[in-house]
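Next come two complexes, and both contain chain A; in the first it sits with chain B, in the second with chain C.
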Partner chain A sequence: MRLRSPRARSYVRDTLIPPQPAPVHVGPIGWLWRNLFASMADFSSRRATAWSVLIGVATLLALWFCVAQIANFLGFALIDAVWHGPKDGQVKACRPTTQGGIQEAGWFGACYPFLAEKWRQLIYGFYPENELWRVNQVFLIGGLGSGWLVAHAVPVRRLWGIGVIFVAAGLGLSISTIFGEGLLDRVGVQILLLIGFVWLILPENAPRRGVGLFMLTAYPLISFILLTGGDIEVAPKLLLAGAMAAGVLLSASLAAERGLLGEVGDLLGEAARTLGWVSIAATALLFFASDIFVDLIEAAGGVALTDKQIAALKWWSEIRSDTDAAPTIADLDGFQRAFGAALSTQELAQLRALQWERPFIDATTAPGTRELWPLPPVETSAWGGLMLTLILAVAGALLSLPLGVLLALGGRSRLPAVRSVSRAYISLWRGAPMISAILAALIMAPLFFGAGAELDRLALVLLGLVLFNAAHQAQIIRGGLDAAPKGQAEAAAALRMPYGRTLRLIVLPQALATVIPGLINNFVGLFKDATIVLLLGMSGLLGAAKHAATDLDWGSQVQAASAYMAASAIFFLFCFGLTRYASAVDREIRRGRNR
Partner chain B sequence: MIAPQKSTKNEPRAGDVAIRIVGMNKWFEQFHVLRDINLTVHHGERIVICGPSGSGKSTLIRCINRLEEHQKGQIVVEGVELTGNMKRVDEIRRDVGMVFQHFNLFPHMTVLENCTVAPTSVLKMPKRDATEAAMRYLERVRIPEQANKFPGQLSGGQQQRVAIARALCMNPKIMLFDEPTSALDPEMIKEVLDTMVDLANDGMTMVCVTHEMGFAREVADRMIFMDQGQIVEENAPEAFFSNPRNERTKLFLSQILGH
Partner chain C sequence: MAADHRTLVKDAEMSANSLAARLYDPRWRGAFIQAIVILLAAIAALWLLGAALSEEGGFGLGFLFETSRVKIEPGLGGYVVGYVAGQSKLYQLFFVGLINAVSLAVAAIIAATLLGAIVGVFRLLPNFVLSGLAAIYVELFRNLPVLLLMLTSYALMSAWAATSSNGTVDLLGLARLDGSGLHMPFPEILAGGSTLLLMLTASFVLWRALRWWKRKRKDRTGEGFAANRISAVALLALLVLSYVAAGYEAARNAAKWYERDFISRQIIREDPRAPAIRFTSAARVTAIEICGEARDGAPRFVAKVSGVEGVTEIVLGRYHRAPSALTGFAPAAVSCAAPAWLSPIRWPQRAPPTKGAPEPSPAPAAGWLGYGLTAPLGFLAAWLGLTLYAGAYIGEITRAAVLAINPGQIEAARALGMQGRDRIAQIIAPQALPLMIPPIVQHYRGVVAYSSLASAVGYSDIVGLFSGVMTDASEGAGVILIMTLAVYLTMSHAVTLLTKGRVGA
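Up next, the complex of A and B:
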């Protein structure tokens, strides 16, 4: 625009601008034009032309690169892939002809018969095959429970389809158990059906609090007992000490709530209350996982076998390795000859009542002492695959959360000692790589617990993970505490709520809710980082993939690529789902704040 | 003027001293926010404090329930002197309820939970009784139907009325209002002021920081004008509005009543 004089402050247009054609930038074509072609279609000057050409060429190159990569991947994963192996030997499926296989030299594609054989290892590691149902139960309850908790982002009633899916899946699986090999055990099917029906008849507000409480208390206990098999040797005085500590702490917190401990009492009371519940939970866990509990069950309903009966069981398990089959008459004759006279009629009847199956299997592992307890022990060294990675990540994140909250609060404390110790702890662990934290736990533990103490390796790794992750979580939670408006604590103070209760009822719930996305991202990081236990000889998902990749039986060029592809697909599914959920929660929180 | 204190603490009588502030001073670091404040509030009295922003009105009433600490002078509430002793602070907060400019409702709790959290966790009132009492107060502020909504689902005026009900649930004898309508849209101011008028008519002792001069004219027993940390003028409402003694009061009134 041309001004009439340099100092003119206003301008009046005296001629109309000639009409221009209407923009065609609408619809999908308009979108493509605006976002792709507009930047390379400017030929108005030499300079603009040069840019347009440059951008055009760069776009084509990038496009070619992407297409080539996607084509490569699809070629490997789908087109060149082998789906079925030869009938006479699956392991030949992906081996080159030069080594007795059926593939031409230079062939490169995913090997699905290989994955079909190895998927168990990827998911469960070396968990005994007969006991896999236990892991499945843990997965199933975990998936359903967390699904339930996640579903709050959407109105439940609109999700009636999920109930239908559960019922259909339950029915389908129960039919599959009737016709031969079922995919899930019966209990799992029943749970599926139950959840489906409950979901269908549920009012809009699902009992989230109840489910959350279950997932945080009973679920870890159930999982622990299912996965380890329980029956752990525990000194009774340890249980007694736990119960007593809980009693003392809880009564102290009651005294504090009544104001008997003075003004500092409230904060201490909150701490005592929390610790009291923690020790109740820990004692309960210890009790239900202990041999004391199993002894009680055996004593209540079990048959205490005599030495002669145990000897009979041992004899039986030696002559019959295939315990699934019913005993033949010859077997029973032999049994009668060896033990018939030695055993009384009653003793014999007791053995028969045990139905000839389970107790004979158990007799080989724990001779004759555990007839009713259905869970033979599984050492943690046999755990592996996705299961181990998930356990490390979930247990690590949940166990470190209380410590993270304490550290975050300590870092803001008015007491200089508490503040500096918390901040030093946070800085120390944040400044070190995770593997050093885990190694520290593994190596230092004998120094703290005494050299002779036999400590489970997995538990020590978990300890290192928790100590490390707590520092990171503390930093995230601190952000939430900083974001909580000052007026909230003031309002609580004006309502006479003491500091500890203000923290627990007012500040922390809001602070934690705002940092849920951050905590989920932390969990995703932990989930991926937990693979470094590979360095310590534990095979998580990545370790299992690596182990499968080196299986010489298959002798194939592609098994590493196939195994890692499967592992990355699993990682991606979990992490992508979680980050999507984190951003959904984030949106929810923002919407709530703007309301 | 000052009646002898005969009544027991549980049954304050109109005319007894509720709050007495003598020679009170407060500093924020180097900044002298409140200078030589002397103020006596009697039971059943409604005091309105006004003045330009930054004059220390909010700080003054926040000192009364120790959301701010004073450095010099005396504050006595219901016969208890306010010191650093948390027990005394708690005794005083038992008698004093507060309503804030920005409501400060707990956003993660429903309206009903906002009203019952303190009675149940502090007074150890059984949940049923607390709910009953809360519903009574919510009816009094005329929003019982919102009891199960979250604060974020209510309008500003409704939120402030919930905040008043929440404070009443702790059975205070004195209510402090810190600019309760300044964060509200004009059409919502009336509903909050109406609630406050109701409260005043029921005989509640009230200390309000507000610029709502219509409200002040209607309910105030006494007007206090503050400027630069000092009480500049203390007067009956009619005299205060028609014939202010102080030049600064005149200027202030002409500014806020002038438009």
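Up next, the complex of A and C:
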């Protein structure tokens, strides 16, 4: 920066200023003077006068703007708002009279009957109404668990910590009770989960580490099974391979620990152990989410429908979309003609016992009929609303973290090939818009897996998101690695600590701890940016709001503003809370560092 | 001691040839890891190449020369390229999207910088009204998704227009907002455009020369010189001169035009306020032919009128559109002579025709010129959303940078008696700018990336147009993706390059 001084000036005063009264301002008037009027009361020179006048005018304008906007907002959200629709049709509530509604032209206020109808859609998208309790469980556990972690992570006073947990629990509970009618139907599940939780959050049972581990391992699995319904078709070979790999790796690491594998064992034993645990976790995850697990449950319960019975159920549900009634004998004849096989008396009796009407019969898409498994499958295309946005953000942030760490380490590597590849990857995605990464995943994945592969669209979007976000996380983590004192790694090297162990025990814990605020902000960014899936026709929170806003049934000028107001409120609560939390953590870290 | 000695001996023995020794040797290990990374990168590159060459990959370039059926919103890109759906090729569509994307990003970056600077300054003032307003603004808009801001701006603007009378909002008579966009006046230079350009260049050269001379002199004698002020005065004088000269040129052109092209028995006058060619007549006009554009300084189109009986006056307005209502005008005062001086710059009709007005025929190319300037609602909403979002971040960066300066520096400046502007120019800015520039450049890149979301509000940018193509024909999806990526990467790196080196940061 070149200094541009218009004139050469001397700043040293050569005369004394005459004595002035002490600038003492106390009380409310003093406060006003210091915080308002002092900024516009300097008339000592022409320039200062101009500045004071400018500030004064700006202050007046700002006051007027604030008052006008607050009045506008209150007018929209409260005073002019419609709270209840007419009895003979809620949709008329906000429509102008010219279009058969009850509002005069030019009216502009929030439409709460509309929001009341669309609220479910904003939160859950098109998730089946009977199954909402599953989403609520996921919200509830997530709220409780992360509330607990947050309360621990900020060393606030104990009272505050308890308060945070109560608020989080209350939020989760209220969401599930207000919007999920199924809550009380599943008292058993509720009680089990709550007992588990109470046990977990008792301090002696669940230190922060335990809850953190639970939230990182079991919670994603539970959520996945609850949300999709589990029962994913998995080849048994895959499970077997996973289990075998885990066995080999773990036994190798055990052997290495005993020194049976010599120097190579010393070097690779650590990695083998980590990989072994990872494959155990992955295999277990796959197992619990698989149809093999559900088959086992069904077998244990002793009820299994034959293929013929399943075919009959599907056939009946296709013929009668409202499957309240059981088929008559004549109908069954039709089935026999269509399939060339009759149901045996016993098979028929079993189906009668099911009354031909369980939700799984709905399931032209269901992989099979399940008697004991309580979770009918829900396609990811039916997910939406806040739920989808949260899933994308949380899963995206967590899944991209390992890749982000690797990229950050690669970017600082001494090996030129590793370094250049990592840096190229990081700078590629840091300059590109997120939508291009998601489009890349959507376009390239079918090429990679072959055209015939059935790929879940949400999974591909998530893949794109992860690949994109990893580059951004890498940049954040690199900052942490740069900030970690160099002497630490050097001391570890002096102790002949291997690279992997140095990273795991010395460098990463220090580096990651300093970048937690950055990572939280990255999560907030992801939460906001995950809204772009609406460009791909998936409706997250914003997509649901937009969808609701264009609902022609309501035909009103105000529904867009109302829907976006609700969406903004939710986004703001989440993001504001999290950024505040991030800065609290940041202050805490700095306090430790500046000691 | 003995144990240590043994270990050392063991190490020395091991170093010869064993596998373990190789694994421990940083050079070997490095080479091994690099080989794996290079191998993986090569496999990925080969696979991409294979996909590119394969049919189903859709990486052929041929589709770019096919006719595009994608309809676009009127906008700068469509106007510059001259895009017509059903006639233009797909590569032209690409340029439309490119120009639209770049113009949106540039407009948003400029506006966000200004807004951010103002907000940053406001937050630092010891004035709780201004700093409070700025704080609310920053906290509110930082915590909302930019896409939500775009969609909300779009919804609010269109609802505002729709709930106003006639579907149009009149903004202080300066501009008009309706369901299609914001219509603003835009000056049109009738004559002396080249003179104007020459004068601007001359004054720029003068300014640089004066600065150079000033620096030389300062090095030699230490005396200052008000180069900027003198240049500004010179520029102003030159502009006034060229304005006056261009006015004479415009008048001369107009006179020539009157002589050359008019049937003498018909009386014609020019009226910049008139919306079109207007016939003041009680008779019916049977045919009007628009024959072409006249030279600089004259109204754009020459009308040949046939079958007109009893025409007493023809008024030529600024707009080259066919007259809509040609009957029923009362004869008006007539003036034939061209004036000696005409204003060389004209502001077209303040509020261009909107919904209610009859459609012009032939339609102007894309609605940007001729009717003044029209910013499509999609552009406006995307621009507003981006500006509000990035402005909040830039304001916060500004504040953080100023707060990061050692307070002693400012106190010392104050103690020396430095007044506001000098304090900012000599003490605060030189220390704050190096802190501000890197994060602000990062946010500029963010604005570029976020500008890809504008298609959500119907703006015809590159992502929106190309996703339209992609649903149209799956062919070319890969090329489209690569082109889109290339555009945004280029823009993003251009931002970095343009801002680097500007400030010594």
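Assume the second predicted complex is superposed on the first by the 399 of 595 C-alpha atoms of A that agree within 3 Å, B and C clash if a C-alpha of one lies under 4 Å from a C-alpha of the other, contacts with A are read in each partner's own complex, and residues count from 1 in each chain.
Quick note on the criterion: a residue touches a chain if its C-beta (ideal position, glycine included) is under 8 Å from a C-beta of that chain, and two chains touch if they have at least 3 such contacts.
What you see is a predicted model, and the numbers here were worked out from it, not measured in a lab.
Undergrad: Quick one: classify A:Ile29 as touching chain B (first), chain C (second), both or neither.
TA: neither
Undergrad: Once the structures are superposed on A, label A:Ala459 by its partner contacts, choosing first (chain B), second (chain C), both or neither.
TA: Neither chain B nor chain C is touched by A:Ala459.
Undergrad: Touch check for A:Ala513: first (chain B), second (chain C), both, or neither?
TA: In the superposed model, A:Ala513 contacts chain B only, not chain C.
Undergrad: With both structures fitted on chain A, tell me whether chain B or chain C touches more of chain A's residues.
TA: C
Undergrad: Is A:Met497 touching the first partner chain B, the second partner chain C, both, or neither of them?
TA: first
Undergrad: Output check: A:Leu74 vs chain B and chain C. Expected answer is one of first, second, both, neither. What do you get?
TA: neither
Undergrad: Considering only the touch criterion stated at the top, classify A:Leu505 as touching first (chain B), second (chain C), both, or neither.
TA: first
Undergrad: Does chain B (first) or chain C (second) touch A:Ala41, or do both, or does neither?
TA: Once the two structures are laid over each other on A, A:Ala41 reaches no partner at all.
Undergrad: Just chain B (first), just chain C (second), both, or neither: which does A:Leu216 touch?
TA: After superposing on A, A:Leu216 lies clear of both chain B and chain C.
Undergrad: Based on the superposed arrangement, let me know which partner A:Ala483 touches: chain B (first), chain C (second), both, or neither?
TA: neither
Undergrad: Starting from the residues of chain A touching chain B, keep only those that also touch chain C in the other complex, and list them.
TA: In chain A, positions 263 sit in both the chain B and chain C interfaces.
Undergrad: Considering only the defined contacts, which chain B positions touch chain A in the complex?
TA: Going by the criterion above, the answer is residues 65, 67, 86-87, 90, 93-94, 96-98, 100, 102, 104-108, 117-118, 121-122, 124, 152-153, 163, 166-167, 170.
Undergrad: If you look only at chain C, which of its residues touch chain A in the complex?
TA: 14, 18-21, 23-24, 30, 33-34, 37-38, 41, 47, 51, 54, 56-57, 122, 125-130, 133, 139-140, 142-148, 151-152, 155-156, 159, 162-164, 222, 224, 226, 228, 416-422, 425-426, 429-430, 433-434, 445, 448-450, 452-453, 455-456, 463, 467, 477-478, 481, 484-485, 488-489, 492-493, 503-505
Undergrad: Which residues of chain A touch chain C in their complex?
TA: Of all residues in chain A, those touching chain C are 1-9, 11-13, 34-36, 38-40, 45, 47-48, 51, 55, 58-59, 62-63, 65-66, 105-108, 262-264, 266-267, 414-418, 421, 428, 430-436, 439-440, 443-444, 447-448, 451, 524, 528-529, 531-532, 534-535, 542, 545-546, 549, 557-558, 560-561, 564, 567-568, 571-572, 575-576, 579.
Undergrad: What does chain A use to touch chain B in their complex?
TA: 257, 263, 485, 487-488, 490-498, 501, 505-506, 509-510, 513, 592-593, 595
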